[in-house]
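Read through the structures below before going on.
One chain, chain A, appears in both complexes that follow, with chain B as partner in the first and chain C in the second.
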Partner chain A sequence: MTRLGALRAALLVLLLAVAGFAAAQANLEINTPAIAALQRSMQDRHGQLQPLYASGAVGLTRDGNVALRDANAVPLAQRAQVNALVAAENQDRAALYREIARANGKPEWESDIRATFAQRWIDKAQPGWYYQNASGAWVKK
Partner chain B sequence: MTGRAGWKIVGVTLACMLAGCVTINIYFPAAAAERAADRIIDEVWQLKPDAVKPKTDKPAGTP
Partner chain C sequence: MAGTAWLAHAKEISLDIDDIKAPAFSARSVRASLSGPGLRELTLRIDRLTVAGRDWRKVSLTCADLQTSGPRMSCTRGVLDVGEKIPLSFSYTTGSGDLALELKPAADETWQVTGRVAGAQTAIAARLVNVRLERFTALLPSSAPKLTTGRATGTIDLRGSVVKARVQLDGIGFADSSGLHAGEKIAGTVELDAESKADAWRWRARVGWRAGEVFWQPVFLSGAGQQLDLEGVTSRGVTEVSGGTLVFPRIGTIDLKGVWDHASGAVRYAEARTSAVGIASAYDQILKPLLQQTVLSDLRGDGELGFAVVADGDGLLSAEVELRGVSFEDRERRRFALFGASGRIPWRRGEVTTGELTLKGAEFLKVPLGATRIPLRLRGTGVGISAMRVPVFDGAVQLRDFAAGATDDGWRWRFSGQVEPISMTQLTQALGMPTMYGSVSGVIPELRYRGQILAMDGALVIKLFDGTVTAANVQLAEPFGRAPRLQADLEMKGLDLELLTRAFDFGTITGRIDARVSGLELSDWQPVRFDAQLASSAGTYPRKISQRAVQNISALGGAGAAAAIQRSFLRFFEQFGYDRIGLSCRLRNGVCEMDGVEKAPQGYVIVKGGGIPAISVIGYNRSVSWGELVDRLKRITQENVKPIVK
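Presenting the complex of A and B:
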């Protein structure tokens, strides 16, 4: 092999390695049927949850869930329904965090994924919604 | 540059990348997770990327 040939081969190897490295670092896998189904389910439920966030009845917890924050903001007759809504949402959220970890072949990432979501739900919440700060106290955004 | 020097650079670079890959496997990819969370939350809460930028509700011409 000539000197130039060797250099060219070396550069090619380098280029392929860089491409592979970039691909490995790129994104988490979230395009699975299970994740899409959870996303749809949560999106459908959001129509019912949105007024509850706005009234302060339901808030975003620091651990990536939702919780009934102020039961008095909900008429007694609807309280059971709101509790069921909160429970169903938390079930979907837990499944979502688990599924993302699983889809990426790293079940042990589940709690890290939950923590990331917890922060991003709060960051993206609308003004007036309640969330839990690091010490667990409710704060109005 | 000689051919030998070229292979040396390749060797060092590959070694660094291998170390990087090991790091990726051990540590949680926080930035990638944040991007994934953002995409899912935008979808669930129906936030369009345009709507995220702060709204200026002041009507034009108001002092």
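Presenting the complex of A and C:
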């Protein structure tokens, strides 16, 4: 096989893998009591996170998490709380990705589901919020 | 000095000095000149001045009215130019060394130095009024958070080898670029007394923190009169704190000692100890901000804690904690509580130590736990408990061979033990469940927690409703996470239906039943998957079912038996005989696939009649949504499936 041929084959395998995941169609809207509990918990927290996204204190990471981007945008007395909010949100997000993968009967899809969600969160972000681009740099939407 | 040259003219005298170098100070290309009428205008220019690593370019000192009378030289209208122009005045007498210098960078800011510079007799007093601390930003190491604002007012006296400083600080602010280390509006006092003898400085410092806030990830503290007193010696690049105290108002006093090597920046020795710290205030002031969004975020604390921590260059050397009547209580949600914990826990590097804790009581999910003695064995990050007994109502849980340790994938622990019969009546009432009769007891061969999974080897036997419930293959994933996941197989034998139906207010059924729930999976404590079969136990025993129970069973299948019974003569009977009861549910994706004792035309038999008067209940709906089934159980209603009553 020529080098080009090998490259083509590799690309084909990659495409098939991606297509395989897509074709298998993980049901991202699947619902279980655990998923419902996680979504409720995240929804409750969203009200506290929203102003932090808007001020740029917290941003959306490329790996489907949130991160403290600029603590200086938060009053001193609330910084510890923002830290705790970010940690709790990431704990819920990790559990959500794991739970959706498991509910689909494919625990091994967790990282693909996380990647899909990472893009979803960024697509759904409001203008002015910060997110990480593919190279990890913060970008204002 | 690399080179000098005097140039004397009629109207100007100037002095050129190429470089002046001293430790922590250097000046390049220094030029001084006297000019003007009577040579009374002084100009001193430095191309580049370096102090403590910071550079200033084109620094100049000018004086428009230099006066000299005999040995005294003075200037009242001087200007120092270091980027900003600072008015200054000075006088200096050669011979006596008397010096007076005043800088006024702003209307309310004054730097005043007076005294005498004369070798060992040197005595200088500096008076500072509203000195802007941000001027010193550049002198601080760049790795430290940036000092952005602040004022200092006070005095610094230097008399021979004795230094005495009394300074009030106000409005100090600092921050690093990430904002994770920052302070605002900090106010306090600094007092320093030091004396130099031979090559050592003997000193005593007192720092009081009156107001303001500091966030030093992850700790947030407010100034509330905290005071740090330190006493020590600094000599040959080593500072030794021989005695120190840190006072937290309303919390307690911590005694400190330490040795710090300046060159390596390393702490060679550190010691912190306290006889008593108030738990309530320590939790509110220090711990609470750290524990937000965790289960420990809203506690009421009580009692006292003493500790002694010693560290050397290699890390923690020993730690000892003493608890005296320590209590914690989950304030709002009342999920857990710990009462009257007392005891001593010692730890020493590389050694095995033993300690003991006693608890007056505790509460977990509203279940009260009795007094407990916990013998601890510590080594490294490992904790062991050979045996302990936790009373629960009339019974107890016994733990044996408990061992815990930190690993790469988090905490890991295991123990074995047994449950001495605990009243199910009291337990279910405390948990807010329907009252069940019987007791729970059993042997726990081994319970292991590792990699976020809690697993039980062997079977737990619960004596319930005069029968037995055996739980096997129990595994709980992420027990402390947002969505715990439980897997188990349950087997129930010979449960007394009369006790069971009474507990759940289901009407009355007399008889015995066996049940098997295999592959049970709970997610966030809600069932998502199982295969369950209920069937009358083998053997001879009275079998009766009340009219109300018949209606309720029918309703489970979504049926309206009540109407059917009401239409027939059967309404005159309060109870019926039966031969067998059986119901199965295979739960998948929120749907329960139901079946019964045997097939019936277009359905399945749930209760097979027998005796006089006999009644059979037949279910027709084979697929029922689990949520709907639970709802029906809750409000027992009549729905679409009609049972045939014969």
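Note that in this section the second predicted complex is superposed on the first by the 112 of 141 C-alpha atoms of A that agree within 3 Å, B and C clash if a C-alpha of one lies under 4 Å from a C-alpha of the other, contacts with A are read in each partner's own complex, and residues count from 1 in each chain.
Keep in mind that, in the parts below, a residue touches a chain if its C-beta (ideal position, glycine included) is under 8 Å from a C-beta of that chain, and two chains touch if they have at least 3 such contacts.
Quick caveat, the model's predicted, so the values are computed rather than measured.
Q: Identify the partner contact of A:26: answer first if only chain B is touched, second if only chain C is, both if each is, neither if none is.
A: First partner only.
Q: In the superposed arrangement, does A:138 touch chain B (first), chain C (second), both or neither?
A: neither
Q: Determine, under the contact definition given at the top, whether A:37 touches first (chain B), second (chain C), both, or neither.
A: The answer is second: A:37 touches chain C but not chain B.
Q: Please work out whether A:117 is in contact with chain B alone, chain C alone, both, or neither, and reply first, second, both or neither.
A: Touch partner of A:117: chain B, not chain C.
Q: Classify the contacts of A:88 with the two partner chains as first (chain B alone), second (chain C alone), both, or neither.
A: second
Q: Which positions of chain A sit in both the chain B and the chain C interface?
A: On chain A, the residues that contact chain B in one structure and chain C in the other are 35.
Q: Could you list, by residue number, the parts of chain B that touch chain A in their complex?
A: 1-4, 6-7, 9-10, 13-14, 17, 20-21, 24, 28-30, 32-47, 52
Q: If you look only at chain C, which of its residues touch chain A in the complex?
A: Going through chain C, the ones touching chain A are 175, 177-180, 182-184, 213-215, 217-220, 222, 289-294, 297, 478, 481-483, 485, 523-526, 528.
Q: Residues of chain A touching chain B in their complex?
A: Interface residues on chain A, with respect to chain B: 1-3, 5-7, 10-11, 13-14, 17-18, 21, 24-28, 30, 35, 39, 42-43, 46, 96, 100, 109, 112-113, 116-117, 120-121, 124.
Q: Could you pull out which chain A residues touch chain C in their complex?
A: 32-38, 41, 68, 70-74, 76-77, 79-81, 83-85, 87-88, 91-92, 95, 99, 102
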